Amino acid sequence: MIKIVVGVMGPGAGASAIDLTNAYQLGELIAKAGWVLLTGGRNVGVMDAANKGAKAANGLTLGILPTRDTSAVSDAVDIAIITDMGNARNNINVLSSDVIIACGMGTGTASEIALALKANKKVILLNENQESKVFFKNLSKDSISIANTPIKAIDISRKFLGDRY
Amino acid sequence: MIKIVVGVMGPGAGASAIDLTNAYQLGELIAKAGWVLLTGGRNVGVMDAANKGAKAANGLTLGILPTRDTSAVSDAVDIAIITDMGNARNNINVLSSDVIIACGMGTGTASEIALALKANKKVILLNENQESKVFFKNLSKDSISIANTPIKAIDISRKFLGDRY
Amino acid sequence: MIKIVVGVMGPGAGASAIDLTNAYQLGELIAKAGWVLLTGGRNVGVMDAANKGAKAANGLTLGILPTRDTSAVSDAVDIAIITDMGNARNNINVLSSDVIIACGMGTGTASEIALALKANKKVILLNENQESKVFFKNLSKDSISIANTPIKAIDISRKFLGDRY
Amino acid sequence: MIKIVVGVMGPGAGASAIDLTNAYQLGELIAKAGWVLLTGGRNVGVMDAANKGAKAANGLTLGILPTRDTSAVSDAVDIAIITDMGNARNNINVLSSDVIIACGMGTGTASEIALALKANKKVILLNENQESKVFFKNLSKDSISIANTPIKAIDISRKFLGDRY
């Protein structure tokens, strides 16, 4: 049976200390729930922290990479999908995730939120960027949820997953 | 020599009357400037209106289509690029445009703005959505410009194009 | 640490009885070797048979799907990557595989072999199509190997993987 | 109205002298027929030669580029589509062409022929590689034609285009 996949999207180099702490905890909680963690797979920022958290809790981690540069893959990725399609891979990230948690904010993260909404996916925002919450909530009221902590984000994910959980 | 390509991105079915009027005028002005118009190519909303405006001014129009469904292509598209990659084609839209004008707002348009900023492209916003202006300006101050009219958007495009114009 | 991924590529509806038997056995052997099986993920032909064989041996199976139609996913796929990019996903199949085994022949399979060779990947042919062996061997002598049985294909894979095995 | 697009696919660095001569003449003939030339857009091999031939005859040329490296674009390309998706762009090349002429042979070219056949497109082979003719004709008898000269390839294209010509 197909496993439940939860995507954690967030900035690479531009991630804040809070983003990194949240990402690590999200990874742990996703692994403990028995879900597969999906990220953009690189060895920086939110992607790397979430993967490390998931591995600390013995989870399974999936990285969807933008390039063929294997030196840029997070050590904590179990399975690397090499797309070689740059940021167009952001669409694969969201289509392959049952729920998307946006941890932090940046241009790549914003593109993933927007692509997820376009695909009628549920998105949970966990960040300090108030303008992003106003904008995306206004853009797609029913598909956006706001979480203040990783635990809350996982609670909302459970609700979205419903019967599949 | 490679022609200058200006992309006009905007909603399909969700476009407002003002968006459509602006899109048509943008198409006309882009054609009169001698630039190629690039859009998402479908026969609805901002894409269709911009293409019709460009053809009314004898311009050359390029549509980057998401699917193989040729019945969904705008009649005013001269050259149809069939990607069959859904909204991942939004990344091709912005990478292939020298300047991006976002006319109106929606989830697809928001993804194109974010992907353009991620790729260090200049983006001009022409819309009634104040939250989008606050959010994207905050996200990438130096790459976002605000225009109130199509003529102003074309003026800003000329500045961005600089020597190439 | 990143897991070893072996891709099995082959026809869907056009698979022969021998192709299906070989695909099932390849899936079993890949699982027993401790490798992840990667296929195109659909519920037909070589993809479906290889996934079923791998699950019978308690393997981990990864399906790289061409469309968003979840009803077309093989029951034996553990993790579904939804690309929504049609046959352009064939390039992701080969880039994400450490070794590619082409089981059977068809237009999709031929595209995967050619894309793999273009990316300097090793490809093992296991099929009854003599013309394909002559053509691809001629095209890229050092990257193509011929196997007559699934066991032989796995032996060659081990050699290609070398230190990683 | 959408223009007729004819794709010329062939090797880059590996093109033979005959391939280059044929590609240049194909470009000229496509331009004279009033069709748009589509190629992979790079400044080497068959792509470059075909574009130069088309420009010598005042044609319109479209290049579908694999990377963002603008220094690698042929000088004879009018409109550059930047995909940044490596060889996955080969699928866009064939889906966007009304007819595909494969001039010469290599791994990239073989992938384009196979992807074209998978998409039920007509393909004309113009090359010295006898194994490729045997293999692809065997794979998809009704969709493959063999031409010995550029003029013959254009004659066959006209037949395939039928009413659209």
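Which chain is which? They are A, B, C and D, in the order written, and residues in each are numbered from 1.
Convention: a residue touches a chain if its C-beta (ideal position, glycine included) is under 8 Å from a C-beta of that chain, and two chains touch if they have at least 3 such contacts.
Quick caveat, the model's predicted, so the values are computed rather than measured.
Counting C-beta pairs in contact, the pair that comes out ahead of the other among A-D and A-B is A-B. Taking each chain's centre as the mean of its CA atoms, D is the chain most distant from chain A.
Taking the mean of the C-alpha atoms as each chain's centre, chain A and chain D sit 40 Å apart. The geometric centre of chain A is 29 Å away from that of chain B, both derived from CA atoms.
Residue positions of chain A touching 2 or more other chains: 68, 83-88, 91-92, 119. Looking at the complex, you find that chain D touches chain B at residues 1-3, 5, 36, 62, 64, 68, 73, 75, 77-85, 91-92, 95-96, 119. Those residues of chain A that touch chain B in the shared complex are 85-92, 105-108, 110-111, 113-115, 117-119, 129, 131-132, 134-135, 138-140. The touching residues of chain B, when paired with chain C in their complex, are 68, 83-88.
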